[in-house]
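Here come two complexes built around chain A, the first alongside chain B, the second alongside chain C.
Showing the complex of A and B:
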């Protein structure tokens, strides 16, 4: 069973975001790049499913030449193959991205050359929640978003997702696509040897098909979120701190 | 402790709350400062500098005595704070060359008093079962090595400082320094985004941000942020059976310039092998902008590729653990200086402003202590001259110089570095007017304080035939012994003693002092009496209050209110700071640095007078120009000034002329010398062979803060009436019997077990007949302070301080060099020259 994880190169989060002067982009001069957490789980799942069912796991990305780095991370996690739909670095909107991915995934004769395609539920940077379902629509395969558990049996995929007060369970005919949520699995850290080998592996590069779409969303500008005052408060030292910790957990955070 | 507060006034403000700033605060408080502020732009306990990402292991043995002592002392302090784990550390050798280097490590360990031994690959395996011993030929085991927790240590130090100051420590995290206020050359205040604090003293302990802070006061701290790549791999199942942070010795895989160390169930793999990656301090992100920390940018993957291959080779079992992955990977930023040493001490252009930067975790507690001693009483127990922030003054503070040298130096961090190894980058920075002439004569240039100085001249290679018999037994067959060396040095030496040579420029630092208070001022600075007749010169120690050496130099009286001080080039920056700092505010004394305006040419040897006299307007006879005096002379067309003295014990003069006329000075003397068999001679003769035969002491080698003038044999001045710095300790040292005395030794046998004849280069431990290192009653260990061949006395000479019990002429001892012990004999106790003991030649 062959799997594909679609991933995106995004700025490393966890730091204060600064914008370029034209407010069109995040200033990435101090930032590293990474893969969205949901997509890390997608890669992990793609690898596990392929391993369990004697298939091939592929990581696929649409992005600039530097997205190579994220694909190699996927290879280092032991995905078998990697494909980059290389752009010139300009931002692709969800519809265009989905069309290009669908084109790359559709295979030669409208018969998708994969059994299971995994997306992150949404990307960590723009979070449009669109690409996965658009790809599925274009390829005419079933799609479930928000998936937190996935099992493959008897040629079908069983996907679960959490909803308020319970769990929804879907059975999907293959080939199928899912939007994966963080927490579905624990993505592995790449071993040093795998990482080294990944650096030597070749990545297939393709020119993405550029579709023409009208009426798509236009980005006007970005706004950096207000920085929250994250100053730490010392609640006390040693056992003296216990009452304050209990109050916080019980009353403020309502977790106990 | 008043935390999170910024007072408006303190006596000492420390900028930087990493391990260095905390250590300084603690030791200053312990020494009596009761009003101290620590300001850091980051949060505590980890403000985001290198303290937060260091691998935190301490390997104490280095080839530098001071750095080893500082690490030893730091380990004691970390232990005292319960933040040290004694894991031991092993440096492994993959090559034969490295095995020799490890023997030299053992030699340094013995010299500096740190337990260490060589291990076979099997013994390495017994201690660290996961090392691939197929790759290694030997190990160097430093049993005292271990790891520390610098963040916890910082907390302990702040708490202790608070106790000592009785609440007088003000800690202000999340406070960014915006400016330093300087008035009339003195520090006034630190301006921050949370207010301004006035301070009598400000210490910049801001790690790799230090240059940026220094710039606010218009001064330089020459360092650059440099990347040290590090990854952490885990969870490793092998480690799960062991409790605690570390149960196995840290492994340094020296030949790949990497280390592997356990950290809980992770293995930290660090590398200094990758290409130098230097940052501009302006490009370092703020704490808010940095995903991990400002000093932990993402790993530059391609630079780490070879490091991964090498790590997988040396510890394959751990790294191929199927459960383990790379959990953390960074380009860790640390401070790299032009010569790898820290940048400590008072910044000479701003009174009250200090630097305590480019310090590693392994030495930080002791450096905090030593700098605190320096600040509170004027000298430190461990001599910090080699780390004086002023050592690059006026030549090596440019960004370009710092980057070139830091790039080159980064590659030396785990490399095998010969003691005489020369930097190749940023060369030909300071050249004397003789430079082109010397280059034409095929000079081999070495560099000192930026100055290009000939070490020897290939054009003198014909002398090797002339002195073939004398040199036969001093040829060095071993490559290491002869690296950065040439037998031509010895031939130049013999020629000089037989005929005459021109040596120069020596790269001296030259300071003129003028003013109505100049006599009183200089009397206070020098051991020797300086109120001498105009025209006299005085060679004198300069001491700290403890009687240890700050410098040794020559003071010449040029006029009733005019003196000239001539000191070594390398000591120029720190000497300038010392002299400048000690000029009283109300004194009429002006200091003028002439180092870049005067060049120096030595003409020395039995024919020196014949050469010089033939081209000077003045009478250069013995009676008209006595030894140890100075006069203005005119050499050809060049108005110059000369002192009749010589560091190699020969007849002759040091001639000083304006740089612009230096070339003419060389030409005139060179031409005159042709009738008298003149040769050029290099610093090899000046600094080593000639000097050692005469028993002359060299600052930084024999002369340092830990030994006093009585022990160094430099008490010929007696105790003058006038007060001077260190007088009490000096007088006491003369009265008391020495604990140790500086001696000259010679090597009896260069191949006691047959085979290749070996020649010591310096820093070797001196042993008694049983092979035990000599230790004096103050715990100071005997080691070779200088080594070199004396061709005129036909011996390879060593200097060493020996305990009184062993300071006896004719005494047989041993010296350990590269794992082998060599018999030596004490030739001279004290400063009597081995060659020409009555100094007849200088007086001829």
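Showing the complex of A and C:
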């Protein structure tokens, strides 16, 4: 059973988000890059399912040439193959992204090339909540979002999603796609040796297919919401602060 | 016309749907358009009474027994067919799992762009809107150009407001034409959880522990503190990754969003992805050894110190 995890390279931001002068991007001059935690779980699940069912796990990304770094993380986790739909680094919109991914995921006969395709529930940066659904619709396969548990049995995928007070269970015929939420599994840490090996593995680079669409959502600019930051009122140091904390809890906040 | 997708439990609308409805009414008022709603299930008939107060003139109750069970594609196809019939200017859905999912399917089925998690929308020929990125730590200003604009309302960003004038609401059945394939994804069964106690999302006090806690057993102190404050314990992603707490306890962008009266953040540095999860807290008290930690700028109150000393001492004091 062949699986694919779709991942997106995003800045690894820390305590502060700084924008570029033109307000179009996060200033990444001092930042590393990563993927969404949801997508880390998607990779882990793709590898486990492929291992348990005698198949191949592939990681797929649309992004700049440097996104091979994130694909290699997937390879180091022991995914078998990696494909990069290489862009010039400009931000791709969700419909365009989905069309390019769907094109790369469909085989020669326009049938899906995989049995199970895993997406993050939403991407870490833009969080459009739609790329996976658009891919599934284009490939005419079932999709469930927000999945926190998955089992493959009798040629079906059984997907669970948490709702208030319980869990919804869905049964999907394969091939199928899901949007994964963090917590589904514990993504493995890649060993140093696996990381070294992944560096030597080849990554298939393809030109993404650019679709044509009516209407659009167009980014104008980004804005860091007005910061309400200001130094906290320091109640004291170490255990000396305890009386002041008790006063705060009792008199000001009335929680005791 | 502006069409709003309303989720409900037994005929009473969900909070998130009322938030979305509030955004939808703003759009309707600004463009002098009528406000209508679409809802599923036999009990949607009862929505006529409650939605009138929100200015809804017509509730389109999708009438097909098979749709009483949640089926994302079939629900989306029904809304898409209603859109074909009514040609609304915009469709607004709540920023919930279902709202995002159903609207994204509508977008895919009718080849329309969709703007998720909107904060503010200026309707004109092209909509000028702002929406959340990075789980809410950044705002994107964007232009949405489409025959029908698909929008979801960011959760907890709108407070449900009734209309200045209630509308006379009529409930009309809508019968979509759906073939079996539209039902390939539907809820097979629901397993009820036997969890008791306050949930993280609803707790009035949350005591969060991060990497600074140092180990799973050390959460005992935090549990004790949460216990005396009538609250519950949460964690940072770093602590969850260490295996000290289950992912259900994670606060942040890819965890739970909390909105307590008080959040006590112990040994947590204050990364943006953590802080978007506790934006809703009325008060934040940080306990951290590092006076330069980012959380010191984001909290309201702080104790500079070792949580392993401060928290037990606090527990003792609260015990007296």
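List of remarks:
By our rule, the second predicted complex is superposed on the first by the 224 of 256 C-alpha atoms of A that agree within 3 Å, B and C clash if a C-alpha of one lies under 4 Å from a C-alpha of the other, contacts with A are read in each partner's own complex, and residues count from 1 in each chain.
We adopt the following convention: contacts are C-beta pairs under 8 Å (C-beta built on N, C-alpha and C of every residue); 3 or more make two chains touch, one makes a residue touch a chain.
All values reported here derive from a predicted model rather than from experimental measurement.
Partner contacting the larger number of chain A residues, of chain B and chain C: C.
After overlaying the two complexes on the shared chain, residue contacts for A:15 are found with chain B and with chain C alike.
In the superposed model, A:128 lies in contact with chain C only, and not with chain B.
When the two complexes are overlaid on their common chain A, residue A:193 makes contact with chain B while staying clear of chain C. Touch criterion met: A:245 reaches chain C, while chain B stays clear of it.
After overlaying the two complexes on the shared chain, residue contacts for A:170 are found with chain C alone; chain B is out of touch. By the touch criterion defined above, A:90 reaches neither chain B nor chain C. Annotation: chain A residues 13-16, 231-232 touch chain B in one complex and chain C in the other.
Touching chain A in their complex are the following residues of chain B: 43, 174, 231, 233, 269, 283, 285-286, 288-292, 297-298, 301-302, 305, 308-309, 311-312, 319-322, 324-327. The part of chain A that touches chain B in the complex is made up of residues 12-16, 18, 29-33, 69, 72, 188-193, 195-196, 199, 227, 231-232. Within the complex formed with chain C, the chain A residues making contact are 13-17, 26, 36-38, 93-95, 98, 122, 124-130, 133-134, 136-138, 142-146, 160-161, 163, 165-173, 181-183, 186, 213-225, 229-239, 241-243, 245-246, 248-249, 253, 255-256.
Of all residues in chain C, only 70, 72-73, 97, 100-101, 104-105, 107-109, 111-117, 128, 130, 132-147, 152, 184-193, 204-205, 228-231, 237, 243, 246-248, 250, 253-255, 261-262, 269-273, 283-286, 291, 294-306, 309-310, 313-314, 317-318 touch chain A in the complex they form.
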